[in-house]
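So, here's a batch of structures to check.
Okay, so chain A shows up in both of these, paired with chain B first and chain C after.
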Partner chain A sequence: METVKKEIPMARSMCWHCQSDVGGEYFCGQCVKVQPLSKDIDYFTCLGLPRKLNIDTGRLETKFYEMSRAFHPDFYEGKSEIERAVSLTNSAVLNQAYRTLKDPAARVEYLLRLEAGSAKDIPGKAPTDLFETLLEIQEQLEQLRAMKHSKSGEARSIASQLHAEKGALESKRGALERRLTELFHVWDRLVDRSSQDQIAKAEKGPVLTEMRDIVSQRNYLNTMLTNIEEALA
Partner chain B sequence: MAYSDKVIDHYNNPRNIGSLPKDDKQVGTGIVGAPECGDVMKLQIKVKNDVIVDARFKTFGCGSAIASSSLATEWLKGRTVEEAGNIKNTDIVQELNLPPVKIHCSVLAEDAIKAALEDYKKKSAGPAATTAVAK
Partner chain C sequence: MARIVGIDLGTTNSLIAYMNGKTPTVIAGDNGRTMVPSIVAETPNGLLVGDAAKDQLVKNAEHTVYSVKRFMGKGLADVTDELEYFPYKLSEENGVIRLHVGGKALTPPEISAMILKELKARAERFFGEEVRKAVITVPAYFNDSQRQATKDAGRIAGLDVMRIVNEPTAASLAYGLQKRKQGIIAVYDLGGGTFDISILKLKGGIFEVLATNGNTHLGGDDFDRRLVDVMVEEYKAASGKEPGPNMMQDLRMQAEQAKCQLSSETKAEVHLPPHKYRRVFTRDEFERMVADLVEKTLAPTKRVLADAGLSAADVDEVVLVGGSTRIPVVRQKVQVLFGKQPHCELNPDEVVALGAAVQAGILSGGIQDMLLLDVTPLTLGIETMGGVMSSLIARNTTIPTSAKEMFTTFMDGQTSVDIHILQGERELAQDNRSLARFQLKIPPLPAAVPRVEVTFMIDANGILSVTARDVRTGEAQSIEVKPSYGLSDQEVERMIHESFKFAQQDIKDRQRIEALNEAESIVRATEKALVRAAERPGLVSADELGRIRQAVTSLKQAMAGADHRPIREGIDVLNKASLGLAERLMDHTLQEALKDKKLSQI
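This part shows the complex of A and B:
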């Protein structure tokens, strides 16, 4: 399998089988052989979408089903080894692309990685205040776990404090979500403008940074809220 | 994925868990987080005559993150400030036998050490120097 993989040519311009120009199509116009997706194709391009954050999920789904049918390994039984390998690899990339773009949270994280090489490369400020709060809540959680099943007044008072903390964290998360929704629109407008407008390109940086900060704070909040819910259940 | 025995040991018997007084001039505090997984790590050192005499941590995260910070506090004690700066995440990976998916936990521990050392250096240099650093 490994050796076959190496034989799959990654260049998309030429058919691996008959060497004719395939011009980015998934099937060669001459010999109708399936073509491998480019190794570094991004998920938006793969599914024929602009690099925007508000996406038409209906269109996404239609495109996904259409491509799934074209690449599905079941249709390549009895074909050559290369074609079977291409079908398998393409299907895997396609599934990952669809899963990522379907979910708004995964979608924005993917875009941040795409635009910055790695999400870590966008300098963001560490939310130190939030960290302090989380560590304090963590301590209360540990206390509560240590008193498991105890009906003591102390356990009840910690539990009610945690309920209050949970409410505060949830409303903080709500505020972050609302701002993120706004930023999705800001980003999409910049994408529309940036093809001919240099200023729009420069404006992308700050929007990415703010989204990065929100996404990371949301991750901390999600993890903590899950823990609180488990402890209170 | 199975954790190594060393990770499990640190997880079950974390060394040096707790806090040191944050405002103490001899204490350096580093709080760092990993946005990808939502882990938060607080690591503190207490320095006397340039030697780390005490180290504490509090970590909110997975077993590997707890083990990495627990191990870091063990290693920090007795080192000079300069030696402490030489602890690398790869040393932690090796000692705890962390799998590739958990390497970021050791990176977090290294970041926490660096942040604590920086905080200590800032404090010990005095308020005048702090302003200079801020610019």
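This part shows the complex of A and C:
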């Protein structure tokens, strides 16, 4: 753990070093100094992608490796302190961008946050059609916890019921994920159309709402399934 | 750019390497050996490091420090269960362990610095010029405090630590450079004191670490201890005596030898004539004794695969690193787990140092087509209300990486917020590793009005730094961080200063101290021989006796001087003078041993 006090230049349209126009490039065309990424850059823009949900992960990886070669601190050891600081922050942004977009679950949550303009994580929400089952599971989990690691017949029967209910939750999660995949395609088609089409823009709202709902139900199920697995372990 | 060397600062042995053109190469010492035992001994004549210190383990156990890496970045409470294995006193001050050796209280970074200085001197002799910059390796599963302690050690040794690299990743660099491989590789690294398992993706010169896991308290040392424990019990039962510190060290060293022997043979013997103790171990017996230790590496291996989102079958190649992977049962377990024959073409003792040299080559610009993208091994978070850890940066996130968190106040006029930084995977703050605490200064304002943004940045070394900014004014806020288990900047500065003060003296001293210790033991041996010779008339002529006595006297005179060269000469003269006597004494002893015995009894 170290304390540091260094100021890094903010991204501007002008090179921080020679003041020539950099026009959004990573390196100044005049003095070849590395330029800071914009503080407000979103991860899609950072990796040169449209805000779509189906991503060619092979291409994403190639782009990530290419940009890593441009920004990684390993290549700035002999450079000035400012360039080293820019390399460090740019690499950090790039690494977070790649980590987020690589994983479809993180990718959709990030898109929902971007589009809704909120920085908060999406809270879990119980799927209403499973309400009774979920209540039952909660109760069984509590009973099992109260019995600690007892091997009694009662504990075994609760465990086997949980096993069955776990299957129900998993199939629900599967259904949610299939619907989410469909919505990924719906969303991407709207993105393609929306530049010239006002109706497409208007249609985005309900898609986002549905995706948000599915994501929050899936998050809820994930937590519940982890709890069940822990209790059965 | 100035030369950068690569250093493997190991629990048991350390090595230094450099890029010889396009080939990473380990630098050998005068004795031709590449490994420097990570041992420091305080003798009446001064400090010894490496091979010379290893001889002191048995003679001078209470003043000889080994396996100091196990104490790096730790508090006393972290190591209580292994204190019995260390013959010196330990204490803790300001969250840092102090080892009491020869009237001094030394911190683990200071002792590690002595080993680093020895390596640095070795490289300087080799290059004929000063070496100032180094890449140093650490176990991948080292936390922030342990990494920082390693960096401190480098600074105290007068080295500019250009990069802290994870050992398994360093190994993959050496391995990948040699093989020009693509695909998924697993590096299984079982060293002297630590275990790491890393999964990497190699593609077009990029070495991307997908996940890493491990145990910073599991290694060859623990295997040795199993053997030692058995022998101590048996010795106590047979003799009714507790083994003393010197005997314990003798047992430990012989256990280590026996363990190594059992990798190639099916039997190994431990023999301590002064204590009339003898024990034969078979490989089967040894494997049963350490089965649970080998088993302990499997859980992290399974977790690392899960974290990488892969199954064992997805791994194209398995690379073995660290001396302990020579143990056949370890290899078998790895092979069963991954379902393929592991690779061990590169010397498992040297591959980490070689990889450190490759990383040094990347940093100095000599290697341009390779890039290592490593990860942080542990989740970073802060303590929140109710003693729960709130995660900021998840484990296995590619570094450098950063996270921002906004802080505000709960009360009107509140001028500070306390922040407790943690590392670990557990839910409760108290179950995780405390890294540091700091106080965020805030201008007095109504509650919830101040907004201070704190940035937690983990750099390419895996080391955390913290900055704060007042969002309203845009001004940087100063913060003072108090590490939970680390030296303060002032302490490190003082140590660097002290180390520098003695640096000139150090090299000359070292040669003299080594010569002195050797001279002392040969004088002692000669005097003993002369006593025995006096008991056996006719064994030594008056003329010969005169020459030996003369050689002893001149050597003693040379020992009083400050120059090591006359001591060396004196040792040679005495060795030559007493050689004949030594041989005759040996024959004589052998004859006595054989007397009255029939051939069949021999």
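Structural remarks
Note that in this section the second predicted complex is superposed on the first by the 204 of 233 C-alpha atoms of A that agree within 3 Å, B and C clash if a C-alpha of one lies under 4 Å from a C-alpha of the other, contacts with A are read in each partner's own complex, and residues count from 1 in each chain.
The definition used in the following text is that a contact is a pair of C-beta atoms (placed from the backbone, for glycine too) under 8 Å apart; a residue touches a chain by one contact, two chains touch by 3 or more.
None of the values given here were measured: they were computed from a predicted structure.
By the touch criterion defined above, A:V215 lies against chain B but remains apart from chain C after alignment on the C-alpha atoms of chain A. Contact with chain B, but none with chain C, is seen for A:P127 once the two complexes are overlaid on the shared chain.
Touch criterion met: A:E77 reaches chain C, while chain B stays clear of it. Applying the stated contact rule after C-alpha superposition, one finds that A:M224 touches chain B and leaves chain C untouched. By the document's definition of touching, neither partner reaches A:T100: not chain B, not chain C. Judged by the touch definition given at the top, the superposed model places A:S91 against chain C, while chain B stays out of reach. In the superposed model, A:R69 lies in contact with chain C only, and not with chain B.
Chain A makes touch with chain B in their complex at residues 119, 124, 126-128, 131-132, 134-135, 138-139, 212, 215-217, 219-224.
Put simply, chain C touches chain A in their complex at residues 1, 144-145, 148, 162-163, 203-204, 206, 208, 362-365, 371-373, 397-402, 421, 435-436, 457, 459-460, 463-467, 476, 478-481, 483, 486.
Across the interface of their complex, chain A is touched by residues 31-33, 35-40, 42, 58, 60 of chain B. Chain A contributes residues 1-5, 7, 61, 65, 68-69, 72-75, 77-78, 88-89, 91-92, 95-96, 98-99 to its touches with chain C in the complex.
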